[in-house]
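Notes for the one structure printed next.
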Amino acid sequence: MSVMSMDETRDFLDREFPQMNDGGRSYHLEAVGPLTARMRLDHHERFLRPGGTISGPAMMALADYALYAAILANLGPVALAVTTSLNFNFLRKPGMEGLIAECSLMKLGRRLAVGDVRITTRGSDDLVCHATGTYSIPPR
Amino acid sequence: MSVMSMDETRDFLDREFPQMNDGGRSYHLEAVGPLTARMRLDHHERFLRPGGTISGPAMMALADYALYAAILANLGPVALAVTTSLNFNFLRKPGMEGLIAECSLMKLGRRLAVGDVRITTRGSDDLVCHATGTYSIPPR
Amino acid sequence: MSVMSMDETRDFLDREFPQMNDGGRSYHLEAVGPLTARMRLDHHERFLRPGGTISGPAMMALADYALYAAILANLGPVALAVTTSLNFNFLRKPGMEGLIAECSLMKLGRRLAVGDVRITTRGSDDLVCHATGTYSIPPR
Amino acid sequence: MSVMSMDETRDFLDREFPQMNDGGRSYHLEAVGPLTARMRLDHHERFLRPGGTISGPAMMALADYALYAAILANLGPVALAVTTSLNFNFLRKPGMEGLIAECSLMKLGRRLAVGDVRITTRGSDDLVCHATGTYSIPPR
């Protein structure tokens, strides 16, 4: 089990990052677990590139957000954890659908958390984007 | 000199990515040159984190966009160049100001273009974020 | 099944990179499969840091080599595929043992192959290092 | 000025990483300065790929080592700083010569140091490889 439940994690994210859902809720926390989190991004007009697929920057925001949710859920409310690095490989054009980001933490240390995020088009197993990222955790 | 002028590059970006400036123009191409481009992002409410500084995802979008502008200006209009990888190091919290992204291409090959992007707060020399990225260039 | 068998892949690697095994064979291809390869690195004195654990550069060579093996096995003999980018997260100090690198290709396109590599200490499930990498595949 | 002189830095590296120069000295610290270091790698048979150019893994070791030297010179002797991430873009095949790595630290904080490394063939300005890396600095 994670330290915070899915509802606690989502409420914390909503309070801390209200602007993520400006213009209507588009990022949906779907699950949290031991060292994991899953987040969905709706296929909404304001995230699209010409052609109708979700843009790279919207995927990058999704990956960062999913990673943050996994850390939060497993560490408890640490509002000040900050991203120190992110690395993305864009593998395929997404489909005309929302995206699912599955985050798995590879390390949750006292000072650094490192995770990877696999983004697929909803309803498909094909990887659209793979990300790895590091957060710095403040001293407690 | 670059292949396309700054005005030509900006017009092409505006036509191709109209959604970048949804809600008002915030990304401003400031210069293009041989293997370089500079882009500015305004300090606008919709890019801010709590605390009033520009968010990580807004910086990532800026870096990707600056890299694309540098490739476009130096290769001519290749609408289909696609990002294949991006890597970010977040170094300092930005100031309460807009951001400047200076992109420099390290390689502009037939198949791949690779560049780095240095993001500073407007009016300061301190690096806020450093990015490197690769675009795949379609066969012509 | 992969295109080349494990023996074919290993023989090709031996011919192409004889210097990998200078001073005695230390890198051992253990398996190849559909989009995968597994390689082992012995715990040999010439790869050690003070303290007796395998060094970062030896792990980086291992990851690069495992990725190459996975591409080779799944594409057939393409001696000229070249690494274009590699990204590493070092997660824990390895144990006093050899290392196992499990590579999985996330994309095997006509021009680019992208994979991730998970390195563990032999006999343990803890990730020591995670890598992602891209190879450029020459036109055929 | 850096905290340690070039001679002090080199002596420290030699004591700490004697195995870097197994088989004869090949890595040469050429300069240290405020947030910078320069290191040279000889064009020696044991680093070569077929074709006679220096291999990717040898370049990765060089970049990591140059980054470590820059941190050491600017922080004083901190033997326990450890690499947490490294990212490489391989841009061109090197020439039939030694390589020069110029490292510049973009951040030297209390907990993390981040730098970039530009590798060129000796006597040329063309970038062969670009690296960025992060070291974790132990509490003092």
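By written order: A, B, C and D. Residues from 1 in each chain.
Throughout what follows, a residue touches a chain if its C-beta (ideal position, glycine included) is under 8 Å from a C-beta of that chain, and two chains touch if they have at least 3 such contacts.
Model, not experiment: these values are computed from the prediction.
Seen from the C-alpha centroid of chain D, the farthest chain centroid is that of A. Interface comparison, A-C against B-C: more C-beta pairs in contact at A-C.
A separation of 23 Å divides the Cα centre of chain C from that of chain D.
Mean C-alpha position of chain A lies 29 Å from that of chain C. For this pair, chain B with chain C, the centres built from the Cα atoms lie 34 Å apart.
Among the residues of chain D, those touching two or more other chains are numbered 84-85, 87, 89, 114, 134. Within the complex formed with chain D, the chain B residues making contact are 87, 89, 91-92, 106-107, 114, 116, 127, 130, 132, 134. Contact residues on chain B toward chain A in their complex (touch as defined above): 16-19, 22, 46, 48-50, 55-57, 60-61, 64, 82-90. Residues of chain B that touch chain C in their complex: 84-85, 87, 111-112, 114, 134, 136.
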